[in-house]
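Presented below are the structures under discussion, each in the form of structure tokens.
Next, two complexes with chain A in common: one pairs it with chain B, the other with chain C.
What follows is the complex of A and B.
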């Protein structure tokens, strides 16, 4: 029998048109336009706003200028800060915490599991501005909940946003995003046949042994997927801006926040676009790895 | 005997650990449970005495705050209609038509949608919106979100439609229905649960987003609640905590309700890279 398709090619094209137009104008054109703008000295105001000059690679030379590269408030500082942020808050924080949370959920009563998962998911689904404000209150020096606890335990309170801004956003982002890893590992653990664990129980294996020797090897694929996805999201996240504004004195200025400042506070669109291009290149590298793995997985499944 | 006791011990240790972690996770949000109902709320944690709804009355009387909620609704509904409609049509085409290069289209879509993030594309998006003269309009926010969310929405829906057997639609066609009739009368009712998931996901995304409206809107009268809350606590000197707490709760309510709805109806799972 000849392969029969429900929708003719022409009807299919009509069905695709609205989505194609929207994605084309607001996803694909920006991809190319940001590259074009990064080669100009376009600004928001003044002569170069309407009639920007082509400046070649000048914006990139400015970004990668070795004399200022590592200075606070410069591109290199933000880039390195973002890499550290990704390592600590995503790869270590979210992934490890998500794994622990999923493993804990497996072995406690349903009531407790519900409580745990609700708290973790609440941190993830509430709007980012609300979360930013909640943490602003939580960390307040005089009255905040955290310092209240510190004082009641006899520990010295801290002005966390001023003293440890980097670690604040690391913990903030770990807390905010752990739900995704937890849910991914939840479903990964559920895909393991229970008989494997029962056999280990009979042999008297400890929980740690079961995790290390049975569960982890079986969910290796999920772990890789999780690490790549949370790396990409954390690399592009803007939410810490709502807590710290990038400060104090640029100490939490992640690349996304740096782009915003350069483009919309200093009005240098050309340079902001150049940062955007660097971000996109890094995203591209991760996306290609991810799609490659996804493709391989699909091929194995078929 | 020995084994069952050690299992019992292990359970107890796990339960204590899980409770502790749960409490630590809930801590930054505990303040939020009480402050909205406390007429003298400050940044400190305090049980309101008495519990009162007066903060909510203050919010309802604040026309700027209420208007911002309305703006959020307009932008979220606009975006959701575009995403839901365009994604359903496109996903149906990707699943059911024989357009050449479907696989390549999907691959490229996924690639672009993960590479062109808000932080990378804020400059060109702003420039494109300026170039078509839409800066400071609801439409700007709606269109940008629609474009950004569509690839993932299409991908989720295409998987959903792929999993539905074609036989209903085929029998409708054999009975003489046109492709359009088949789509609306036969396929659409079956796809509806998938559309609901995508629409809820898109709504929550747009409702909660900050960056896009923050860069595309300048006028106070157009600001959604996310930008309004931010300007309340970041720029207005000492924040009016009572108002902010109640307002934040009202603003979070749709997200909480939708989460409960999805959880009840479908069980809260996720589909690929559902959170952007």
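What follows is the complex of A and C.
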């Protein structure tokens, strides 16, 4: 294929320069700066703020120190918690709920379908702070809506945010993010020729059989894309902080919240940067898998 | 690279400074954890209604056009600290800021604060106010002999008591003065028996209350065991009978006997919940500084106690057993001091100092007394006719203590808060929590700066 260009290379470079400068100043330099800082014991307060020492890999060793790795409030605990959070709220919660909603909306009346989708998408597009506050008010022990419902049904009220903090953020994130999976699966289902389903109907197939034997095999690629994308997002999500502050006693301290605490509440820039680098590597792995699959799909399409 | 960023920032702030000088008025910003009608309402009112108009008029008389703006900060103490640390490190922030004295060492070592005379120049030494401030109160905002700010005054901690609830439990609050923890717990148990839904005793614990946990809770108990956070040589005590006894007291109050509101120690807005408990008659004994009387429960404030003069009184905090407290004392208390510092990056250092010194002039502190009486740092500002203040100062200040003036204290304090939370939430036994504390503190200050007494 012959290359065709509107501009000379030089002119192109001139047009690219402002963007490249911005990316350089705000993305590339900080990227390397974080790596440099992660090898020091730099803090914001105290002696090491003015005069940090080079400590080599010590920050990384501290993070992976087996003696404290699994202690609550330490890196390992947060990492494992985040993995559990991703499995329950994204892979099971969001993907499954999104799939069910998308499948159901194939067969309900258009009015109901519109209502359903508007409600689900509203949960997705509302600003985080608004959502966080609404959920906080919903779950409050004394005056929360949920406990009011529980009491009016004669059930004992629950101290949700203190006693079940992990499941609270799992359900919260499922509710919050199901819209994306629903929309993605929705359009995937619509790409399947209706004649397949009509033929199945004639043969007397149930809805479950149609989903299992026709729809799912045909949208396999979409499912993988969806799972990888929501895994990446959920891995980095910070919104549960608005509900629980990472507490009580670090029980909901996801990796993103842990990084925030170490770097901007304890002001341990060195250690915080080390956590940042580790998270960056994990995200890089996800991104590579995603790109690999996308490439494969493209190759298949051609 | 750090240097180049700094010079860039300096350049930018210089440019801003130049352009602001081009405009006629010098703009000064002042901030504190104070909100009219909210937390520390009196302070906000004083600055807004007394200090700013008088200061602007005074500067105008000297031929300077200065506009002062108060930014009312409504968040928690720790959030203001976080904000100031980030502001001061990036050259931003208000010119004059409310500040807790115990943070001075860590901020100074981090290069985030400068001595007053370095910022304000020769005017600082010439200020006539210094001769009216004792060295002890000057030290509240000083580090290594140099003042970095001026404290508004000092405080002391005690048990605030609701007489009406005592009466309901068949106790006479007026004649009651616990002489040991056992007597304190005994009264709490009786109050709990009289009203099983109540939380008779509030001893601050947990991470979310921040330094209020360390000062009002942990220190007040620990001092009663004869110990402090550091020993005489400044080494951090990381394992001792005193720490264990303190944690066991927490466990009795919050886990075993449920004498305190466990949830309030763990929730983000917990401290306000404990104030509300006291206001609503759910808590009969609450350990706090005199600030609780001066500001929190003041008539008209959010947590005002109805008919305060007849329902509320105060008691000294007892040692674990008589004579077992610090220096062999029967009773213990601890003092701190908050005041104002000048932002080292201020565009108008001379005016900022003029504002800070003006706030601490005899005239302005006297005006503050009318809004919120307290014991002020200047010996020429009269203590208003307030029996509470005179009595507490006379009784408590002679045996008070202060926190270590050490740059690592702030971080150790955070570990103390974590340790208490682990115990009151029922997660860890006192022994296990102390072990975790030992590991954490050793990692912060290094093994050679710690000492184990067990």
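Criterion: the second predicted complex is superposed on the first by the 295 of 302 C-alpha atoms of A that agree within 3 Å, B and C clash if a C-alpha of one lies under 4 Å from a C-alpha of the other, contacts with A are read in each partner's own complex, and residues count from 1 in each chain.
The working rule: contacts are C-beta pairs under 8 Å (C-beta built on N, C-alpha and C of every residue); 3 or more make two chains touch, one makes a residue touch a chain.
Every value quoted in this text rests on a predicted model; they were computed, and no experiment measured them.
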- Considering only touches as defined above, state whether A:162 meets chain B (first), chain C (second), both or neither. second
- Touching A:71, do we find chain B (first), chain C (second), both, or neither? second
- Task: Return first, second, both or neither, reflecting whether A:33 touches chain B, chain C, both chains, or no partner chain.
- Result: both
- Note on the structure: Across chain A, the partner (chain B or chain C) reaching more residues is B
- Query: In the superposed arrangement, does A:46 touch chain B (first), chain C (second), both or neither?
  - Reply: second
- Message: In the overlaid three-chain picture, which partner chain does A:80 touch, first (chain B) or second (chain C), both, or neither?
- Response: neither
- Message: I'd like to know which partner A:255 touches here: chain B for first, chain C for second, both or neither.
- Response: first
- Message: Quick check for you: in the superposed arrangement, does A:187 touch first (chain B), second (chain C), both or neither?
- Response: first
- Task: Return first, second, both or neither, reflecting whether A:233 touches chain B, chain C, both chains, or no partner chain.
- Result: first
- Query: In the superposed arrangement, which partner chain does A:199 touch: chain B (first), chain C (second), both, or neither?
  - Reply: neither
- Which residues would you name on chain A as touching chain B in one complex and chain C in the other? 33, 245, 264
- Residue positions on chain A within touch of chain B in the complex are 3-9, 11-13, 15-16, 18-20, 22-23, 25-31, 33-34, 37, 42, 100-101, 104-105, 107-109, 112-113, 115-116, 119-130, 132-138, 140, 142-146, 148-149, 175, 180, 183-184, 187, 201, 204, 206-207, 229, 232-233, 236-239, 242, 245, 255-256, 259-260, 263-264, 269, 272-273, 276-277, 279-280, 283-284, 286-288, 290-291
- Message: Applying the document's contact rule, which stretches of chain C touch chain A when the two form their complex?
- Response: 1, 78, 82, 85-86, 89, 103, 106-107, 109-112, 207-208, 263, 266-268, 407-408, 410-411, 414, 418, 421-422, 425, 427, 436, 439, 443
- Note on the structure: Within the complex, chain A is touched by chain B residues 3, 7, 10-11, 14-15, 17-19, 21-23, 25-32, 35, 42-45, 82, 85-87, 89-90, 92-94, 96-100, 107, 109-128, 143-144, 146-148, 150-151, 154, 166, 169-170, 173, 179-180, 182-183, 204, 207-211, 215, 225-227, 229-230, 233-234, 241, 244, 248, 251-252, 255-256, 259, 268-270, 273, 275-276
- Message: So in the complex, the part of chain A that touches chain C is made up of which residues?
- Response: 33, 43-47, 49-50, 62, 68, 71-73, 141, 159, 161-162, 245, 247-249, 264-267
